[in-house]
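Look for chain A in each of the two complexes below; its partner is chain B in the first and chain C in the second.
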Partner chain A sequence: MAYKSPIEDTQFILENLLPPHNKLDNSTIYAVLEEAGKLADNFLAPLNHFGDKNNPILRQDHEVETPKGFSNAFSEIAKGGWIGVASDANYEGMGLPLRMGAAINEYWHGANMSFSLCSLLTQGLIDAFTLIGTEEEKKLYLPKFNSGIWTGTMNLTENQSGTDLATIRTKAEYDGKNWRIRGQKIYITYGEHDMSENIIHLVLARAEGAPEGIKGISTFIVPKFLKNKDGKYTKRNDLKCVSIEHKMGIKASPTAVMLYGEEEGAIGYMLGEEGRGIEYMFIMMNRARFDVGLQGMAISEAARQKALEYANMRIQGTPINREKGTPIIGHGDIKRLLLSMRSLTEAMRALILVSSEIMERSHNGDTNASLQEAFLIPIIKGWSTELAQEITSNGVQIHGGMGFIEETGAAQYMRDARILPIYEGTNAIQANDFMFRKTLRDNGEAAKLFLTQMNLDCNDNPQITKMIKLTSSTLDYILNNRDDQELLSCICFDYLMGFGYLVGGWLMHKAKIKANIKLSNNPKNEIFLKSKIVSADFYNLHILPRISTHLEIVKNGANIVKLTKDSYI
Partner chain B sequence: MKILVPVKRVVDYNVKVRVKNDQSGIELDNVKMSMNPFDEIAVEEALRLKEKGIASEVIAISIGVTQVQETIRNALAMGADSGIFVEVKDTLEPLTVAKIIASIAKKENIDLMILGKQAIDDDMNATGQMISALLNWPQATFASKVEITDKIAKVSREVDGGTENIEITLPAVITTDLRLNEPRYASLPNIMKAKKKTINEIKIDDLKIDITQKLETLKVEEPSKREAGIMVKTVKELFDKLQNEAKVI
Partner chain C sequence: MAYKSPIEDTQFILENLLPPHNKLDNSTIYAVLEEAGKLADNFLAPLNHFGDKNNPILRQDHEVETPKGFSNAFSEIAKGGWIGVASDANYEGMGLPLRMGAAINEYWHGANMSFSLCSLLTQGLIDAFTLIGTEEEKKLYLPKFNSGIWTGTMNLTENQSGTDLATIRTKAEYDGKNWRIRGQKIYITYGEHDMSENIIHLVLARAEGAPEGIKGISTFIVPKFLKNKDGKYTKRNDLKCVSIEHKMGIKASPTAVMLYGEEEGAIGYMLGEEGRGIEYMFIMMNRARFDVGLQGMAISEAARQKALEYANMRIQGTPINREKGTPIIGHGDIKRLLLSMRSLTEAMRALILVSSEIMERSHNGDTNASLQEAFLIPIIKGWSTELAQEITSNGVQIHGGMGFIEETGAAQYMRDARILPIYEGTNAIQANDFMFRKTLRDNGEAAKLFLTQMNLDCNDNPQITKMIKLTSSTLDYILNNRDDQELLSCICFDYLMGFGYLVGGWLMHKAKIKANIKLSNNPKNEIFLKSKIVSADFYNLHILPRISTHLEIVKNGANIVKLTKDSYI
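The block that comes next holds the complex of A and B.
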């Protein structure tokens, strides 16, 4: 059995944990999920292992060939209108709420993360143009992106500028008519490929005469093909892919080194205002980080399914109190691993989808929702991608020796997942962001609001209320030590993880309540609902205790890190 | 030209079917249901005829419990223009289904009916042929290629010896085989549009046909399990077993 989009759980969460949306009834939700699931299962999943083995090729003419079948699969997704699911209907998007975009994105990434990065990046550009673009730019670019005829990339990183973008050296000079871009960018996902007619690069560069540091950076639209005299986009711009990276995972996704302006300078158009490049990137960054957290959840689900299938088939040793011939799923420790994979993945899915609804409100100008969104983003990115490491690794573990052999595909999930805590802001950045911007900047207000809400929702769950109290007192500790930033930076990771597990527990508790109500009405999906309750109970007993470990580290573990001299490390 | 495509809701082809404990039928609770794959091919063929300008309208029909409307919706999402839903609580035998569809085909002035050669639940392979007989229309079953020009359908049929090419005059019934086409995936815009398309409900009483069931299901059971093999010691023993136990030589 290959990957199957987890439609039942998506549907359960959308219907039970999110407030309804006036554009969506349950049958529409189901029809959309069902069809997207079919595409993901039938088109993308079969290409996942193949792409890992047959990587993109950079040709002598600087064009990149993606693995066989990718181009066809991309046009199938694009033709079906699936790229612009949640984008503005005035520019040929589908105009569905973000929750549907998020739900469907899980299936793409679960089926084939390497492949789906191309549409993910393109969706990022759709967001950028929707927020910042002029009317003219929107009319030109958005329909092309929504239909997948053009795709997009983000060009931030340079050799010396990774996390610190203030040191960017790529230059933009105005020649009286156009901006000319010159410089080299690295780690450009789908920077060159053969799946679309044109590739639009968003490039961070320093305009001539601009100040040093982040205030001097602007964003430029740099298309691979420019408009020719005949109105067609066939005129090659002065940019090329000079290399693609050999990577540990997501191998089917071409990660390009892009060279701009080797000859006359690549023609670029400034997006938005000069000097606001970093600010724009941060607007988009929220969505990008959300998407990376979503990838963590999606690949965890895929790893879980594979491990479950193997555990149901592999016979090795007779499990205690079971009859001979029982597969390894009967062993207590294998059951434990599988349950933890399931319950963590479901908690992540709940977090992602519940947050997508908060983001819908935030985009509509609800300032309260914006605060909540800002608070949740580092948890979504940091916590989910850390869990993805554990879950994909457990997926390998359940396969035993076969997990270490590439043939099973379990190892690929683990390698693919490894990029997630790194890109779009490492998890160290997430943890610092969570501590300093999201918690201390508003004196812990947002954190306290969440704790109050959780307390209300979980007053009948002693395990969670205990952890809420513990988190509360930890928050006090953090607020009391707010002046010692070095100290707090040493334990911000544990604070993030502790809070993440708590949010997960809260949502699993809510899911359990709903599942119980449904079960009392003689439902058709009894097995699913009972599994949901098991997942929530397992979370309570096996996952929640992790919170106290993390929070104990927050309270007691900072000084040993802070005071240790580098030479003792 | 109006095409009617009957679509049946069946247990999804990925699901391993289980017999109900009381042996009265197949377990349908907790089971994923989908459109019969052969019917998907039928919808696809009808849509292609419409896209070529040969057909003007494609109507999907299904008969059964309320949920079969989801299956009609699937056909609408693929691109069919409208649907017809006939509500029936019980499982119907092919002849009753054929009678209902035939009477609706007459009412709707249908020129061509395309349906799956069989449904993957009971594999009856009967409804198409029965409709053809009831309406006295020509039939082309197991179609792997269909070309239509001026009321004539040239159909290649999958038969035991290979392919048989026949011509039939419309109105007619065509039943689809696997090689006819590869059904499309519904696009997102079409899924959303399908919500607004009409599904007309027809009451079975209004059709004034005799729906008395003539078949009775006594018992449903699983095929007997394959028994474990044994190792024989000599060729002579094998020969003996084949001759005296299996009685095959």
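The block that comes next holds the complex of A and C.
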């Protein structure tokens, strides 16, 4: 039942759906994927179920013990340089393009999502310091993060401040020498753990005298250990983990309640400029949301592999037109489930890797690419994490009664996946973002550019072109109703899902064209290529029809909004 | 955050969508519902989360301790006569019509599904003995079951025999005086517990010398305690619980692995005739599947109530066109989630209660009603339990980060609900049954009768009539392809779901008509009635469009089946 990093599909997408990268040839790609895949398969995957059963422990001294083996595995990943895989080589990063970081991050999360959250967050801090840090800060922090000697956390949420960060109450006072942080933060992933020498908390807080609301919030660097007189980071800062949550999933990852400044105030250093905390967060948000979408794809792949293996092994009832003793993969409904799991997962992978290349260009200052990135991010986060719910649940279903038994492991994927539509902005937030910021703000321009491109690429696919037309007219409906924000807020989720399925269909169609070309040259991977075509055809016939429902709902918006009086809900 | 039995809606449906019952007036209905609702709300609901956290314990002596309070609560239910609520008064049942049993069973399961599985299974045995038992058996067992002094279990599954019971290996040998049962059974709900004086296991086993396959299987009554010389049931039979499962949900209910006949062989008594075990099981199956669909509806209601309460309380971000401090129920996407949860739950409740009346007639020998019942059962089981996944997951979503924290309780509903599409025949089995037995066997007659009736009832609803037309043409497609079973097995799930949504829409439309009539008479429950109309309208605009997708997939069947070669999955 072992997880296997899906190198073949990653390679296919990188080589066929992305423009080549001038620093990457195919043999480098393969070597990197294979090396990372081995680590994921051999070091992380075997700890996945163990960590779910043996959760982190908060000790009396407020230190957290992670599940046995986690610390060693983290060292392996860190030693290989994988945390800084797409990070600047000037600060000891590996310096590979973002696409490789994305490709490899799938494997970590597919193998063990709870474990991999620690490096994911640390990568978030690498991004933050790269973008906002001073040269001095970069020199101090980036090599530590890239090597995994230090790790990082994001401290945003407070009890009263989830989606709405304007209400943050954590305070920062300047004592003439240092900022002193006081407050409580919740849902801090890997807020405390034993896998690194130091933990650097990025904390959103309100500086003394700062205005109310969003503009008063700044970002502070608050290390667990401060520099001592001997130059070593051994001086305990005034912060501690006061409890860890009992969660539905990702149980192996400690989710901490962090208390800052119970005594003399936790020492913090302002990152960037005062009052720009939320702005910085939004800069980093694209990457964070991209990563969550990627997690959805990764865990879907893991759930699919497990279900496929079981379906090939379990014998129960003789499938129609088949011999006695044929495993359940021969049953029509099991085929339906497995094919939908695969075609959706491959579509997500294509979307995420194609987007990673767009993000590379965006980071290099290509404004067109930035617009595309901004448009795709809510789809990546929202659509992929919704699909992850369906796919991991189908994984349970294929196992029958066994799926409900925790020892099997299928249920864990479903429980783990359940956080994805929630964190880094609930999918309602994604849908709002997609509707109001990404579609209306530019008057539908980005949406139209995608529709035009899809139309060009899919002119030989009548099902997709029909759906493109439907989406275009739905977009017109939305633009015509742009002033009725209440209406649009009731239908934005279905608009996002409809567009997501269309983007997935487009990329699967492109993949099919490439697979057909490759097939004509007597390739070695004939089964893979034929399976890719099956995935694309299945997507066409079985997944694309979902778009009609979502877009019909959008077009019913004006009547739906009339029903949404609170007292009748 | 307390569960409240939804008496108002039950009443509305019983009074307005079902033909009256000559032994039931509205005041009796209300009195019974209120009495049961109180017990559910006050005795069962408070134990629900506690049982999830404090699971049953298997002791060294093979006895199982249920969570603290379960045994007392069971006595309360039993004392009130609620286990035998719809059971024959000649054997100490309460003798109420099935509709009342169904209405009340919702409350038990909504309040505490894990707990209520014990009485559910006991009711299954009441059905079995009523249908198949000798007069002597009825006199012995029925009063014990009706009063909850004894409880019952169903022992079907073995490791190699889940869906396919033909492969059962448990053996029964006749020693000249008694049957001796030997074998291992798994997934035995409440196979061992401390809530009743005796546990009566109904065990499917193969009598010595019986033929291979289904025809060799008989049903045996295997009590935990046998009659002793003093006439008391204190003599331990040779059976024991050897382990209990660690499950994703319904954790408070012990799911036992049962070992029969490790020593001298467990003494069993054949129920009914030899070789008819599977046939009997199928007779009882309708009721069991109906009950599982009912559980899906009940837990959806519970999840909805919890989410609604949170949405009315949590303040986060200011909703569009609303004042600061408006709770999240003001947000468009929260409204979408809550309204879809309610309209779907109400549609399920209508389906289940309307069907319970059809089952009453069927049990009284009305062959038309029997055909209708047979047609509806896979929809009730399959469609309702799929919806329960969506609704309980949406319940988590509305809670945001809190939803993922186990203490909140929203996650438990989702975990508990996950068993429903699996047990009593996976939904693949329901879909197969719906396609092959319920649609094709009578050449689409039952399906057509429903479509005709819906057309009559909904002629003033253009959205529904459009969907009826679509379903009719889909039925034609299915009938035209009746010989291609492989094709039909790939699309039967979508056919079931499409038909299910249509049935739900039909009943909501009927409810709306009745609510409108009531509204014209200055009723006291104006908000309830207006909410019912909102539910129906929302269903029309937001739920009905799903049918198009499901039926489009069905019509793509001929092309989909071509993709289902095992090697490309």
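Everything below uses one rule, namely that the second predicted complex is superposed on the first by the 563 of 569 C-alpha atoms of A that agree within 3 Å, B and C clash if a C-alpha of one lies under 4 Å from a C-alpha of the other, contacts with A are read in each partner's own complex, and residues count from 1 in each chain.
By definition in this document, a residue touches a chain if its C-beta (ideal position, glycine included) is under 8 Å from a C-beta of that chain, and two chains touch if they have at least 3 such contacts.
Bear in mind the structure is a predicted one, so any value in this text is a computation, not a measurement.
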Partner chain in contact with A:Val292 - chain B first, chain C second, else both or neither: neither
Partner chain(s) touched by A:Ile527 [first = chain B, second = chain C, both, neither]: both
Residue contacts with chain A in the superposition, chain B compared against chain C: C
Touched partner set for A:Gly249, first chain B, second chain C, both or neither: second
Partner chain in contact with A:Ser567 - chain B first, chain C second, else both or neither: second
Partner chain in contact with A:Met94 - chain B first, chain C second, else both or neither: first
Contacts of A:Leu39 with chain B and chain C, given as first, second, both or neither: first
Contact residues common to both interfaces of chain A (with chain B and with chain C): 527
Residues of chain C that touch chain A when the two form their complex: 157, 160, 162-164, 186-187, 245-249, 308, 315-317, 319-321, 329-336, 338-339, 342, 389, 393, 396-397, 400-401, 403-407, 411, 414-415, 418-419, 421-423, 426-428, 431-432, 485-493, 527, 530-531, 534, 537-538, 541-542, 545-546, 548-549, 552-553, 556, 559-561, 563-569
Chain B-facing residues of chain A, complex: 27-28, 30-32, 35, 38-39, 76, 79-82, 85, 94, 96, 524-527
Complex contacts: residues of chain B adjacent to chain A: 29-30, 70, 73-74, 77, 185-189, 191-192, 194-195
